[in-house]
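Listed below are the structures to be examined.
In the two complexes below, subunit A is the common chain; its partner is subunit B in one and subunit C in the other.
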Partner chain A sequence: MLDVSDAAIITKKPPRKNTLSRDERKVRAAFIVPAVIYLMFMSIFPFIYSVYLSFYQAKLTRLHKKFFIGWDNYKQLFSDEVFLAALKNTFLLTTSSIILEVVLAFICAKVFLSLKEQRVGYFLRSMSILPMMITPLCVALIFSYIMNPTLGILNYILSGVGVEPISWFGNPNLALWTIVFINVWQWTPFMMLLMLAGLVSIPTSLYEAASLEKARWWHVARWIELPAIRDVILIGVILRVIDNLKLFDLVYITTRGGPGDRTELLTFFTYRQDFAFFNVGYGSAAAVVILVISIIVTTIAVGFLRKMQNA
Partner chain B sequence: MRKSNLIGSYAAAIFVMLIFTLPILWMFMGAFKTPVDIYSIPPVWWPDFSYLENFKALLAENWSFLLNSVIITLGATVLCMIFALPCAFGLVNFQFKGNNFLADWILSTRMMPPIAAAVPLFMIFNGMGMLDTHAALIIVYAGFNLPFAVWVAMSFFRNLPKEIIEAARIEGCTWFQTFWQVALPLTKSGIATVSTFVFIFAWNELLLALFLTSSDAKTFPVVISGFSTLSRTYWEFVSAATVIQVLPPIIFTLIMQRHIVSGLTMGAVKNG
Partner chain C sequence: MKKLLKTTCAFAMASAAMAGSALADGHSVDWAAELGDHTGTDLRIQVINDPYTGPLAQMSSEFGALTGANVSQDELGYGGLYEKQILNCSQGDDTYDVLFIDGIWVGEFAESGCIDPVESRIADTDDGIIAWDDYMESFAGQASWDGERQCLPIAGYWHMLHYRTDLFERAGLEAPTTFEEMLAAAELFKDNPDFPELEGGMAMNFQRGAAAGQQYFEWLYSAGGSPWASNFVGSDDVYADLTPTLNNPEAVKMVEFFNEIAQYGPPGVESFAWDERANAFTQGKVAMINNWSVRTPLFTDPDISKVTDDFGVAMFPHAEGQSSVPPVGGWIMCINANSNNKDAAWDFMKWFASPEVHTDFVLAGGPPSRHSAFQDKQVNAEQFWTPTLYESAQAAWPDLRPRHPGTFQVIDAIGLEVNRAIVGEISAQEALDKANENVTQILQSEGLIAR
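Showing the complex of A and B:
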C-alpha cells in the first residue's frame, strides 16, 4: 500500500530508484538497518528459540541436559486443566473488559463533550486519564489496599450500609470479576480519549439538524456518533486485546492466579512455569501459544493501523 | 443549553473525575500515615502530611534501586532514540521496495508479548554474564520500545514538508546532515513526546525486570512488588513507594495531555 504522496514521488522520477550509487545505498542502509537488526534480535530470535525449546523437556537450572520430546509439551498443555483455565480466563477477561470499557468510555466521553468551558473541562479530563499512565503494578496495589477484606476502605464503606465484608480477591466466584473491574477502571480513560478524538470531529451542524428533526438520543448515537468513532473504537479494541494478552502485573500482585485457578491467565501461567517450576520447555510451549494468538490479532491490527495512518 | 443542564454536565464530569482519581488519592494519603493509622478502622480520613517517616525509611533502604530505575530508564530512552529516529527518517524519506512491508513488520514486533521473549533473553544474558546488569535491561527496554518509537517518529517526519528535505538535498547536504541539521531540529517537540513515552513505558515495566535482575540492577517496580507477599503486605511502604513510582507519569500526563492519544495509538489517531 502506498499513500498518495509516495505515489506522486515515484511517478515523478521513477528511474532514480534503481540508479542509486553504491555509496548512496550504503548511506541509506545505515539509517535503517541497525534498527532492523536490533528488532530481529529482540523478536525473531526469541521466537525461534521459544519454538525450539518448546519441543524439549528442559529445566532452567540444568539446560545442558534437555531431551527432545516432540509435541509432548503441546499435548500436555491442552490437557492441562490449569492452562485451559488460563485460556478461558484470558478470553473472559479480554472480552468483558473491552465491552465494559467501550460502553463506559462512551458515556464518559459524552460527559466531557457536553462541557462548554474549555479550561475546566480540560482540567477534569486530564485528571480523569491518570489511571492509564501509571503502572498496572501500582494500580493493582492501590486496589489491593482499597479492597482489602479487613482494613480496606471499600468494605468499611459498604459496612455502613449493612453489607457483610466481601473477600474481593478470595471469593472464587468473584476474583476474576474484581480483576476485570480494576482493569476496566484503568483503561476506560484510554478508550474515552480515543472516542473524544473521534467525537470532536463531528460538525455541530449535524447535531443541530438532528435536534431540528427531533431525533432521539439513540438515533444521534447510532447514526451520527457511531460512524464518526467506529475507526477509533476499532483501534482501541485491537490495542486492548493485545494488552490483555500480556496482562501480568495485576494478577501477580493481587491473586497469583488464585483462588484455585480462577484468575489464572496465560502470561502468569507461563511466568510460573518458567520461573517458579523452571519448566522452560513447557513454559515455552505456552509462550508459543500466546505468540500464535498475538500474531493472528497483530496481522489484523497492523493492516488496520497502516490504513488509518495513511488516511 | 439550559442552565440546569449545564450544572448537570459539570456534576457528571466531576463525578467521573472523582471515580478515576479518588483511588489514587487514597493511596497517596496512606503514604503519610503512621503504621498504626494505616491499619486503623474506622480509617484516618485526613493524615498529617508532614509525617515523612515512611518515605525516609523506604528510601534509606531502597534508594539504590530507585537510582537503578532512573539509570536504566534514561539509558533505554537514549538508546531507543538513537536507533529509532534514523530508521523512521529513512522509512519516510527513502523510496525502496519493501518500504511499507518493513514498517509493518516493525510495528508487528510491538505486539509481541514480553513473556514470550523472557526465557530466550534470559539465556542470552546469562550466557554473556550480563544477568542483573543495567546494560541488559537497557538493551531490552530500548528494544521493546523501538517499534513504538519508530512508528510515532514516522508520523511526525511524514508531517515535515517534503520541500524542506528536498531543498536541503539540493543545497548539497548529505542525508546525515539533512537528518541531523534539518529534520531533527524541526521535529523537536515530537521527539520530546516520543522520548517521554518511552521513558514512561520503561519506568513502568515489571515482568522483564523480574526475569533479568535479582539484586544489583533490581528496579524500583521489582522492589515494590516485593512489599506485597502472600503472608503480609507492608502498606506504609507500598503507599510511599507508589507515590514515588507514579509521580513521573502523572506529571507527564498533566503536562502533555495533547499528545497522549496520538502517542498511544502509534500516530493512527490524531488528537481531540
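Showing the complex of A and C:
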C-alpha cells in the first residue's frame, strides 16, 4: 500500500527560488546524497538491469549462457495467451474493485458522518478500518478457509438456507469476482477514510443552505459533497490503481491464477516466469510492461487531477 | 508391458534378496571409525516440510552424538523450497550443506552446478554402507543425471489408492482396480442418501498448474499413454527423443475420464491440490483418493484424521486392458556445491542413508526407500500398508515425470490446459493439443528438442 504522502507528487511545483548560498546548497546536497545513492542501488539499478535482461533469453541458473534476442521477449508476450488473459483480468479486477470501493466507501462515509457526534460512531469507524490493517497474505488465508468449498463456514451457513455448496475459487465464472469481493472488503475502508476526511471539511453552512432549499439527499450528494471531495476521490483512485496493478498475495494463496487462466494477473504471471521457471529475461520483459502500464495510467490520472484543480 | 513388468519385478526381488542377504550376513558398520570428528561443525539441512521432518530431526540428533556435529534443519513448502534453493544457488550461497531436492529437479540442479555429484564419494565408501542394490529401482534412478549419481535417494514416495473400507463394505464393493470401476464407485458415493457424511466419491488434484500437471503424468502410464516419443515403460533411453506426444489418444481419454470423475468429487474439487485432497479424506468427506504414500501414516493419526481405522490401500488403478504403473516420486539428499562442510555433509548422508539407519528412520515414521526396510518385519507389523506399497514400488516407472531443466515449466503448462478441460472451458482434445504446442515451444527454447 502506498503512503498517502506519495500523493504529494501530484501537487503543483512551487515557483523556483534560487536564494540559497553555496554553503547552504552543499549542506542540502549532503543530506540528499545518501538517499540518492540508496535509491540508485535499490531501485534504479535493478530497473535498468531488468530492462537490459528483457532483451535476452536468460535463465537465472545459467545467466552466463544468456543470449541477446532483441525485442523477441516483448513480441512473445503480446502473443502469449496467458499474458493477454492476465492483462484482461488485471483490468477487470482494477476497474470493478475501484468502482465498488468508491460507491461503498461513499455510502459508509455518509453513515459515519451522520454518526460523527456519537460514541457508537467512533467505535464503528475504528472497527471498519480493521480489514485494511491485516496483511493481505493473512486476508487471503482467512478467506481461503472461510470459502473452502467442503470445510468452510460460508458454505455451511449458506447450506442452512438451502444453497448448494459453491466452489468460490474453483468456478471459472466466479473465481475472479470472489477475488474482487475480498479485495473490496479489505480496501473499502481506506477509500472511506479519505472520503470521510473530505466530507468533514465541507462547511456546515452549505448543508444548512441545502436544507433551507429543501434539497433531497441525492441533491446534496450530487451538488455539494461529490464536487467538494472529487480531488480526494481521485487521489484515492490513483493509489488504488497502483495497488491493484501490483496485487499478488490474494491470487497466490487462493487460486494460483486458476481455474484455467481466469484469475491470472500481471504480477502473478511475472512471478511465475521469474521465480517458478526462472526465465528472468521473459519475466523482466513482463515487469517492464507492468511498469509502463502503471506509468501511463498514473500519468493520465494525475493530468486529469491537475485539470480539475485548475478548473 | 505385463511381461516387462514381471521381469522388472523379478529383477527387483533378486536384487533385494542379494542386498538383504548381505545385510543378514551381519554387516555391521563401525561408525566411530567410518565417520570423521565434526565437533564444532554446524551442519545445516534444507528440507521439504513433509511429514517425515520429525523423524529426520530425531535421527539427526543421533548423528550429532556420534560425530559432535551440530545438525539443524530448515523446513520449507514445496514451491518455496525450490525458489530458495535456486536463488541460493545462483548467489553461491553456502548457508546449507545438505539439500533435499525433489527427484524431478535433479536435471536442473545438476546442470546448473548447484550440487556436487556423489559418484566418486560412493566409489570411496564401503559397499555395505551405500548398498545401492538395496534401493528400490524405481526410486534409485531419480538420484542420477547424465549417467552419474548426483545424490542419495532417501525418501521414496509412491502413489496408492486410499479408500474407505467401511463405506466400500457397506456398499458391497471391492477396491477398484480400473478407471471404469473407480468411476462407477465415485458415482455411487456422490450425493447418495445412504452415505450422507460424504461430499464426493473421489478427490483428485485438479488445481491449475503443478497439481493438475503432475497428475497428468501420474495417471498417463496406467492409462496406456506415453508423453514423449522415447519415454515408455522399459525404454532404454527416455531422453533420446523428447518430442512431445502429450495429445496421444490414451491421454485424451484419460483427461475425459478426469472431467467425468470431477462431477463425482466434492464441491470445489477443480481447485484441489495435495493438501485439499488429503484433508477431504482425513475429514471423511470423500470415499477415495489417490495419494503419495508419505501421507499415509497421517491418516492413522487420531489428532488429524477421522478415518484412522476405516481406510485401506490398493494398487494404483489402470485403464481397461492396461497395467498399473504407480507414480513414483520423493526426495533425494545432495551436497550443496557451495557448502564449506562437504565432508561432514557426506558423512551425514552416507550414515543417514545406510540400510540400518534407514530402517530406524522408517520405524520412526519416515518413508521407506530400500528393499531391506520394506522387508523388515517390524515395519510390516506397524505399517499395514507396507506390502501394497512394496508392490507399487516394484511396478513403478522411474521416469514417469520429466527430470530435465525445463520440467517445472513443462508441468505447469500442461497443468493449465488440463485444468481448463476439467472445468469445461475446452475439450480434452483441444486442451492436450494446446499443451503439446506450448510444451514443444518450451522444449525448443530449452534446447531439448530441435526447432
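Keep in mind that, in the parts below, the second predicted complex is superposed on the first by the 266 of 311 C-alpha atoms of A that agree within 3 Å, B and C clash if a C-alpha of one lies under 4 Å from a C-alpha of the other, contacts with A are read in each partner's own complex, and residues count from 1 in each chain.
Here is the rule we use: a contact is a pair of C-beta atoms (placed from the backbone, for glycine too) under 8 Å apart; a residue touches a chain by one contact, two chains touch by 3 or more.
Everything numeric in this text was worked out from a predicted model, so none of it was measured.
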{"item": "Touched partner set for A:63, first subunit B, second subunit C, both or neither", "value": "both"}
{"item": "Contacts of A:242 with subunit B and subunit C, given as first, second, both or neither", "value": "first"}
{"item": "Superposed model, subunit A: greater residue contact from subunit B or subunit C", "value": "B"}
{"item": "Touched partner set for A:260, first subunit B, second subunit C, both or neither", "value": "second"}
{"item": "Touched partner set for A:115, first subunit B, second subunit C, both or neither", "value": "first"}
{"item": "Touched partner set for A:203, first subunit B, second subunit C, both or neither", "value": "neither"}
{"item": "Partner chain in contact with A:193 - subunit B first, subunit C second, else both or neither", "value": "first"}
{"item": "First, second, both or neither for A:170, with subunit B first and subunit C second", "value": "second"}
{"item": "Which superposed partner A:134 touches (first subunit B, second subunit C, both, neither)", "value": "first"}
{"item": "First (subunit B), second (subunit C), both or neither touched by A:146", "value": "first"}
{"item": "Overlap of subunit C and subunit B interfaces on subunit A (superposed complexes)", "value": "60, 63, 150-151, 256, 275"}
{"item": "Interface residues, subunit B side, partner subunit A - complex", "value": "1, 6, 9-10, 12-14, 16-17, 19-21, 23-24, 26-27, 30, 38-39, 41-43, 83-84, 86-87, 89-91, 94-96, 100, 102-104, 106-109, 111-123, 140, 142-144, 146-147, 150-151, 155, 162, 174-176, 179, 200, 203-207, 210-211, 221, 224-225, 228, 230, 233, 235, 238-239, 242, 245-246, 249-250, 252-254, 257, 260-261, 264-272"}
{"item": "Residue numbers on subunit C that touch subunit A, as the complex places them", "value": "79, 82-83, 86-87, 89-90, 108, 111-112, 114, 199-200, 207-209, 266-271, 276, 279-280, 283, 285, 405, 408-409, 412, 416, 419-420, 422-425, 445"}
{"item": "Subunit A to subunit B touching residues, read off their complex", "value": "1-2, 5-6, 9-10, 17, 27-28, 30-32, 34-36, 38-39, 41-43, 45-47, 49-50, 53, 60, 63, 108, 111-112, 114-116, 120-122, 124-131, 133-138, 141-146, 150-151, 153, 156, 185, 188-190, 193-194, 196-201, 232, 235-236, 239, 242, 245-246, 248-249, 252-253, 256, 267, 270-271, 274-275, 280, 283-284, 287-288, 290-291, 294-295, 297-299, 301-303, 305-306, 308-309"}
{"item": "Sites on subunit A touched by subunit C in the complex", "value": "57, 59-63, 82, 148-151, 155, 164-172, 255-261, 272, 275-279"}
